[in-house]
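Alright, structures below, take your time with them.
Look for subunit A in each of the two complexes below; its partner is subunit B in the first and subunit C in the second.
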Partner chain A sequence: MALLEVEDLRVAFGDTTAVDGVDFHVDQGRVTGLVGESGCGKSVTSLAVMGLLPRRGVTVSGTARFEGVDLLSLPRADMRRRRGSDLAMVFQDPLSSLNPVVQIGRQITEVLERHRGLRGEAARKEAEDLLDRVGIPDPRRRLGEYPHQLSGGMRQRVLIAIAVACAPRLLIADEPTTALDVTIQAQILELLKDLVDAEGTALLMITHDLGVVAGLCDEVNVLYSGRVVESASARDLFARPTHPYTVGLLGSIPRLDLPIDEPLEPIRGSIADVIRWKDGCAFAPRCDRVAEPCVDGEPPLIGTAHAHRCVMAEETV
Partner chain B sequence: MSTDIEQRTLLDVKDLEVHFPIRSGVVVERTVGHVRAVDGVSLTIDAGRTYGLVGESGCGKTTLGRAVLRLEEPTAGSVWLDSTDVTALRSERLRRFRSKMQMVFQDPLGSLNPRHNVEMLLAEPLKVHGVGSKAERRRLATETLDAVGLPVSVMERYPHEFSGGQRQRLGIARALMLRPDLIVCDEPVSALDVSIQAQVMNLLDELQGEFGLTYLVIAHDLAVVRHLSDRVGVMYLGKLVEEADSEAIYERPRHPYTKALLSAVPQPDPDIEAGRERIILKGDLPSPANPPSGCRFRTRCPWAQDVCAEEAPVWREAADGHKVACHFDF
Partner chain C sequence: MLRYTVKRLLQLAVALLGLTLLLFAWFKALPGGPENRMLPDNATDQQREALRRALGLDEPIWTQYGEFLARIVRLDFGSSLSSGRPVATELADRLPATIELSLTAIVIAIGVGIPLGYLAARKRGTWLDFGAVSGSLIGICTPVFFLAAMLKVVFAQNLGWLPTAFRLSPGMSYTEITGLRVLDGIVTGEFNVAWDAFTHLVLPAIALASIPLAVITRITRASVLEVVGEDYVRTADAKGLKPATIRGRHVMKNAMLPVVTVIGLLLGSLFAGAVLTESVFAFGGVGSFVYQATTERDYPALMGFILLIAVSYVVLNLIVDLSYGFLDPRVRVRS
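Here is the complex of A and B:
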């Protein structure tokens, strides 16, 4: 059984649909990627799973079963208990996720007190160990510092330390390295990889960067306009990208391993050129392979291990 | 990328320094030190070519780009565009000279006046420089919109009505209005989605051919810089550490920092990712107010030796057209 099984997740803000029927699952000890560009619904999906969306004006439907329990229908108090201990999250911008006027140490021990009942010197010792585990030098001194005294990479390490403080079974990381420089990004990706390997934590990695996906993820789900358009193992997805959107994304990235004058093949138009999924493929207005069947009702999910949502794929690939 | 005509140096930056004072004190402010944002950089760009400047945040690449346009006052050194010393120009002459050099910013929304429609945005640089009548300005605006791939029908619209990619096209159109010789592009695609980045990079390429432009592209993304540039310079803590033709620097990086940067870029291919050896740099960037002695990179360099702390490496030509500042040959 999958650790997390999300089925037909839909999220609407008033009349605006952000997530439009997302299905995916995360297995124990695996790294699963949710990939897509801004507005595809990847972050909203993770916030919905964590129960972090505001209640007012937001409609959420579908299920997100964590070890068989639907998180979306849990009472708030139960969800609050699980957040931090069963599932934890790392955000993109560590500066705005940390409290600027509270010492680093206190922000870590707060989680240890609430979920593990550690107090005083025991909590402090554990916080120090956590900082050490995420690779922060001189952790005892750092405990007394404030977020602004740390660099961006250090802050992200603190955030990861807080997230893994209660050994969660699922860690959700939403663009954890996007705000960081490339050499620091490499450090943080290495750290996440080590944590997953050492603890058997499942990681749901939300990113727009296909390079990060290739290096870290076991399974990948590509999102477009609020729905998964292709899902496969990372190896399969990069070897045989099938949905035209995935193909287009890969063609848009300048690559260091290809000849220098290799032309880029961008996707035309923008995400504003869209039709509703119930009327046809949302990507159709930007797709080069578009044909009549594409705009003739909802495109079904084709295939199982390597699944996609393109009705034209078999004829052209 | 562009075709060979005759090679003529358009931009010549010589020993450029930009230092910002650090002030301290409650009642009486005193200067207690300097942030050496750019600390002695020399580079040249041939007409019609693209020079890519890469480096991580805080390396001084943006300050260098702004100093070239005199948007920052250089502390020392000179910037020559053709046969004019930009650093020696004063007030009115500098203002007029700016028509030859323009800038494209990272954040297109932040650099376009939200209360101006497209026609006003595009006509403004022409008005400032007293170019043409109203009708001529409109004609130039129409032409330029067409060149950047926007329909003339957008003329009455306002910045907020556009998507990110379209706004960057507008930003480029505005930089083009005065038909400049040099355009400094500061992170021109980093705020855009992947599929839109490719559109804008291709556009920059086309425009270079069409208008004979010379670019200084400043970016942190090595793959973007490689794709756009003929020549690439790598900056670290206010200094160039390596410079070579685009192909050469990626084929055979000679400075440990360039090697580490290249090895850190994740590639969209699981086989490459599984097989690669990453050089993980320790720690963070040191403060540019108090750079390390000798080689500035030595505190993070995996191969640092005693000599690196004692002597600053000279900027030398390690191979034909391939310059590097390192004591060793890698």
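Here is the complex of A and C:
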């Protein structure tokens, strides 16, 4: 059984549908990627699983079973007990994700206190160990400092320390390296990889960066317009991209082995050119291989190990 | 922090020096002049000239300013033209009443305004929010003297629930320690005095609190609304912390920063409101004294009062700025 099994997740903000029937699963101890461009619903999906979407004006339906328990129908107090202990999250922007007026140490110990009952010196000692584990030098001194005294990379390490403080079984990382320098990005990814490998933690990696996917993920789900359009092992996906959107994504990456004056191949149009999934393929308005069947009702998910949602794929593969 | 404090104290000295200069120039520019106030209307020009010489008003202007400064440093503001007593004594006698009134007003404003602003923000768009926002708008728009008079007419004269004026009922004996009568009554165990003083304090304090209360409510509401949308609040939520922890440590601690700044500014303007409120309720504080001094052209009294207000304004803001350093670590380091 999968650790996290998301089925037919739908999230709407008023009349605007952000997530339109997402299915995916995360297995124990594996790194699963959720990939797509801005606005495809990947962040909203992760916030919905964590129960962090605002309540007002937002409708969430579907299921997200964590070890068999549907997180979406849990009472709020129960979900609050699981957040930070069973499943934890690392956010995109380490500059704004730490409280500017609370000491680093307190921001770590409060989660230890809440879920592990650690207090006083025991909590401080554990916080120090955590900072040490995420590679922050002189951790004892850092505990008494404030976020603005740390660099961006350091702050992201602190956020990771907070997330892994209670040894969660699932760690969700929402674009954890987007706000960081390229050199720091690699270090942070390395750290995440080491941590999940050491603890057997499952990692749900949300990113728009296919380089991150290639370097880190075991499984990949490609999202387009609030729905998974292709799902495969990372190796398979890069070897045989099937959905035209995935093909387009890979084609638009600059490559070192091509002549320098070779133009990049962008996907034409924008994510705003869309039709509703129930009427046909949402990618059809931007797709080069579009044909009659594409806009003839909801495209089904085809295949199992390497699944995709393109009705034209049989002819093109 | 020490360097910052010293720097701020130096700034304070400069600000006060500038103020004395302004004050001096302003009083020089006023028409009339003290000799006209001190002498009867039918005094001869020789008599006026003699008094001017006696007061040193014929000296060069910078000598006069130097003398003026020297006396301020000695806390010698001269004698009140109305009562003949030293202005410093007059002010000192009345200051406790004003402090008691202002303190009560600011406690009401903070104690009600912050929770109300928080609730309005959390219940955004509900009737409670609407009530708080429109109520505070009315509070800001209503002149203090008008509200004070209305409260007095309705609750003291018509309904008779509270006394109409003064700080204690006539004939009540009282042991003075600090001059804050509610506090003194509690300290000395004269609880009947404390209660009586309290009933006299209620209406003027509410009148005086109205504007700061309205401002604090609005600032708190706006600030909380901004902070609850911050990423670090979401992080706190993602940690699964209890709502009370999120509210206290992550929302309010940040949301209070602008509120503290505004409270500092309000404290200063509270004195201006106190002048009007005290005269409506014959409260016997600095305010009533100044009201009288203004109508009677009592220059030394006015001068002393303006200096007192200015000093308390600058000092209170210094305290607020320093406390800001404790609340916000980012300010601490930048200094």
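Some notes on this structure:
In the analysis below, the second predicted complex is superposed on the first by the 311 of 317 C-alpha atoms of A that agree within 3 Å, B and C clash if a C-alpha of one lies under 4 Å from a C-alpha of the other, contacts with A are read in each partner's own complex, and residues count from 1 in each chain.
Everything below uses one rule, namely that a residue touches a chain if its C-beta (ideal position, glycine included) is under 8 Å from a C-beta of that chain, and two chains touch if they have at least 3 such contacts.
The structure displayed is predicted, hence computed values, not measured ones.
Look at A:255: by the touch rule set out above, it reaches subunit B but stays clear of subunit C.
In the superposition on chain A, A:305 makes contact with neither subunit B nor subunit C. Within the superposed three-chain model, A:111 lies in touch with subunit C and out of touch with subunit B [touch as defined at top].
Between subunit B and subunit C, the partner in contact with more residues of subunit A is B. In the superposed pair of complexes, A:198 makes contact with neither subunit B nor subunit C.
Annotation: subunit A has no residue touching subunit B in one complex and subunit C in the other.
Taken in their complex, subunit A has these residues touching subunit C: 50, 52, 79-85, 88-89, 91, 93, 96-102, 106, 110-111, 114-115, 146, 148-149, 159, 162. Subunit C meets subunit A in the complex at residues 230-232, 234-242, 245, 249-250, 253-254, 257, 327-330, 333. Of all residues in subunit A, only 37-38, 151, 153-154, 181-187, 189-190, 208-215, 234-235, 238, 248-257, 260-261, 263-268, 270-272 touch subunit B in the complex they form. Put simply, subunit B touches subunit A in their complex at residues 1, 56-57, 163-166, 193-199, 201-202, 220-224, 226-227, 246-247, 250, 260-273, 278, 280-281, 284-285.
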